[in-house]
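Here the structure comes first, spelled out in structure tokens, and everything after it is commentary.
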Amino acid sequence: MSALLEITDATKVFGGVRAVDGASLSVGANTITALIGPNGSGKTTLFNLITGYLRPDRGRVQFAGRDVTGMDAGSLYRRGLSRTFQQARVFPQLSVQENLVVAGGYTWRQLFTRRVSSSDRNRAGQLLAEFNLAPVADLLASELSYGQRKLLEFAAVLMSDPKLVLLDEPTAGVNPVMIDTMERHVRDRHAAGITFLIVEHDMSFVMRLCDPVIVLDQGKPIFSGRPSDVQTNPLVLDAYLGS
Amino acid sequence: MHAFIQGLILGLLTAGVYALMASGQTLIFGIMNVINLAQGAMVILSAYISYQLFKSFGIDPFLAIPIVTVGMFVIGVAVQLLFLRPLKREDRAELSLLVTFAIALLIEGIMSITWKTNYRSINTSYANSSWTVFGYQITLVRLWACVLSLVALGLLYVLLNKTRFGRAVRATVQNPESARLLGVESDRVAALGFGLGSATAAAAGSVYGLLYAFYPGSHYDLISLLLSIVVLGGLGSIGGAMVGAVVVSTSSAIVASTISPAWSAMTFFVILIVVLVVRPRGLFGSTARGAI
Amino acid sequence: MSKALRLSALRGAAFFGLLAALPSFNLAHWVLNMLVFTLMYAAMSSAWNLVGGFTGYPSLGHAAFFGVGAYAVALWFQHHAIHSGYEPFVILPLVGVLAGLIGLPVAAVAMRTRADVFAIVTITLLFVAQTLAFNLHSITHGAQGLSIDPAPFSPATFERPFYYVLVGLLALAMGITYLTIKSKVGLSLASIRADEDKARGIGVRVSGLKLLTFCVSVGLTSMVGGVWAYYEGFVYPQFAFDPLITISIVLMTFLGGRGTLWGPILGAFVLELSQQNLAYRLGGSQFYLIAYALVFLLIMLLLPRGILPTIQDRLRYRRRRAGAAEGDDRPSAPAPRTAAAKVAVGGGERA
């Protein structure tokens, strides 16, 4: 299994607190990898380090065979590494369709073309249809339900044909039907060749969907392996239940 | 060398007043995320009020401080309730900046009509007495101004650290969300905090009036001075504002005494730019807050 | 879509046709003078709107660039003669480029962090520019100011060349705004305004676009400053770098509606015309300082989004209700509260 994403000895300190502490882990190509761990174990900080929102104090991040440590979020996105946020960040004053179009990762020359061209409309239209958002394509994103916003954010980061998508708690705050929908979309896209790294608290979602599972505790991984082994691992139980 | 040391002395003595003004500004930012562009105008307004109290009733500006402070506290609370609280949350940061700028202009307009636009100064009997130590001049009034500012800052420290209100303020500064969850009434803290910020402007203003001649437009000079102090110290940090005040005050006084007073205003900008390039969060700005 | 396009083309043609025709009605000098100032403010508000409205970075320092433009023209004609009278207009593009270049490092420092620091830097910049104008005596003649040779235009139609150049600058500013809205630049700016960090993460060229927008905006502003200097015939530091200029253009943009094509122009015409009237009646500048501040506070409190967006919302709401009533028969039809409908409404092409 070749690694698409490789993190070596990453460390990030906030005012004396080691949020990520010498973490090394890798995400294999064509996997749906889960990243779990108790609250405050550094999952979100690690996400921010990987996606260029934060610079690691120490350590390296390699993506698709290249060292991308300290590269900014935009460049990483254009290289095929994209993410969603826990709180479903969409642009409320843009229409649903525009929320997709704006995520196209354009060159400077393309920026000076039509706001929404007919080819944009086609490209966005396919994703909107896939995510069942076509009927609301012309509404403002602020008029969507929370679950729909989560879907929209997910759909938008696919506009750049990414290799790796990081999902930050895709099921948080959405209803059970929407959780199933989310799972289906991840499976579909995985089948189409996208690798996923997912932070998630919903264990049944993780167990159904992800393999392998990485467990983070106090800023570094303490377990990496098959989902069936997670529940029996004493280190993991320790981290979750406290000793 | 003589000019340099004279500038240093002057700068250190003046730093107290600036620290007082800036502590109010940074406090307001810490509580509400509002950059109060009217802080300078409130300082000048207070200077005018003590000028008037001195001229009409012969009240010494130092003694007038309690009166002016209470008055400005009330004005500050009123400003917050009337103009800042009604702003919608989502664009409060952007709008509050313009609202406070408008308030500054309003105060400037009122001052221009009440006291005309020529320079005024408060000429007490002791205004010109000074000591000479090793050939360096120390103006008495500056020394007193410095002492008084330090006393006011001490009171502010006690208020923030030893009272319930102070705890609520500090909790709000550190983390507005959890403060609200813990039952801090953020609206009340905001109103009182803005009043407190204005009160520091008042105390500083009475002193400022003794040190400098002023006119309604003087508040423009204070805007950039105060902003560079609070950015240097780190927005929201009172300790930072004090250190910032010392740095800005001494360096601009040294520039004034060694090069030319005309260039001292440039010092603020240079300091501001250097801070923003080298350390955008300022000397004591918190790093955790504002993280994604 | 094409209907909306035709409508906005029509609106633009009508507006600029009227502006072009106005001087031929033999208006009195004081009326033309008033229009000249109104056009200056309309062009500057439109330019400010690119940064303050579309990008969400409220600059308080645009007056600094107005002053840069004014001094650039005044300084150039200390060393060059004015023959035909049109030379100062010819160098305006150069002035704009110069101001844009000066704006580049300013924006690079000021726009690194969020909007509050940006406001601090820009307002400080304004005072620094004023200080420099006072202190660099050998270049600017300090408080004495600089004078420019009077324009050799016929007294009967003296204002006209200035007027038409300003109409041109307004058209330029509005044209740039229109193209911004209709292109992916405007789409990207809207995402920056809404959530800059998120925009960065989906490949929007945040830093580059902010710099570009700022430079274009201050470039336009400086060109207006250049026309002003020539029109007045002299420049003094306190008038060229006046905080009131900044506050006026911000106020006008807010009044009309930031982030819209026509809002700043509407705001400028309403405010500048009434301000000129106010100045005639009240005379003293202190009173209009107070009036200005009060108007500003009232707008912030009562109409924080500005005239045009408020009207648009009303119309949208009414249509939505009408649509909902219609939709009783066919529930599958989405109510016409679409973003596309929103663009077509009112005249405030909004991003």
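When the chains are written out, they are named A, B and C in that same order, and each has its own residue count from 1.
By our rule, a residue touches a chain if its C-beta (ideal position, glycine included) is under 8 Å from a C-beta of that chain, and two chains touch if they have at least 3 such contacts.
It should be emphasised that the depicted structure is a prediction, and the values quoted were computed from it without experimental measurement.
Asks: Starting from the Cα centroid of subunit A, hunt down the chain whose centroid lies farthest away.
Replies: B
Asks: Report the most central chain, judged by the distance from each chain's C-alpha mean to the global C-alpha mean.
Replies: When every chain is reduced to its C-alpha mean, the one closest to the whole-protein mean is C.
Asks: So what's the Cα centroid distance for subunit A and subunit C, whole Å?
Replies: For subunit A versus subunit C, the centre distance works out to 41 Å.
Asks: Rounded to the nearest whole Å, what is the centre-to-centre distance of subunit B and subunit C, using the mean of the C-alpha atoms as each centre?
Replies: The answer is 32 Å.
Asks: Between subunit A and subunit B, what is the separation of their C-alpha centroids in Å?
Replies: 45
Asks: What are the residue numbers in subunit A that touch two or more other chains?
Replies: Within subunit A, the residues that touch at least two other chains are 53.
Asks: Among the residues of subunit C, which are close enough to touch at least two other chains?
Replies: 197
Asks: Where in subunit B do residues touch two or more of the other chains?
Replies: Those would be 292.
Asks: Taking the complex as given, what residues does subunit C use to touch subunit A?
Replies: Spelled out, the residues of subunit C in touch with subunit A are 181-188, 190-191, 194-195, 197-206, 208-209, 334, 337-340.
Asks: Write out the stretch or stretches of subunit C touching subunit B in their complex.
Replies: Spelled out, the residues of subunit C in touch with subunit B are 56, 58, 60, 109-110, 112-113, 115-117, 119-121, 123-125, 127-128, 131-132, 134-135, 197, 243-244, 247, 250, 254, 284, 286-287, 289-290, 292-294, 296-297, 300-301, 304.
Asks: Flag every residue of subunit B that touches subunit C in the complex, lowest number first.
Replies: 33, 35, 37, 83, 86-88, 91, 93-95, 97-99, 101-103, 105-106, 108-110, 112-113, 117, 220-221, 223-224, 227-228, 231, 235, 260, 262-263, 265-266, 268-269, 272-273, 276-277, 280, 292
Asks: Can you name the residues of subunit A that touch subunit C in the complex?
Replies: 51-53, 72-74, 77-78, 82-83, 85, 89, 91-95, 98, 101-106, 108, 110-116, 135-136, 138-140, 143, 156-157, 159-160
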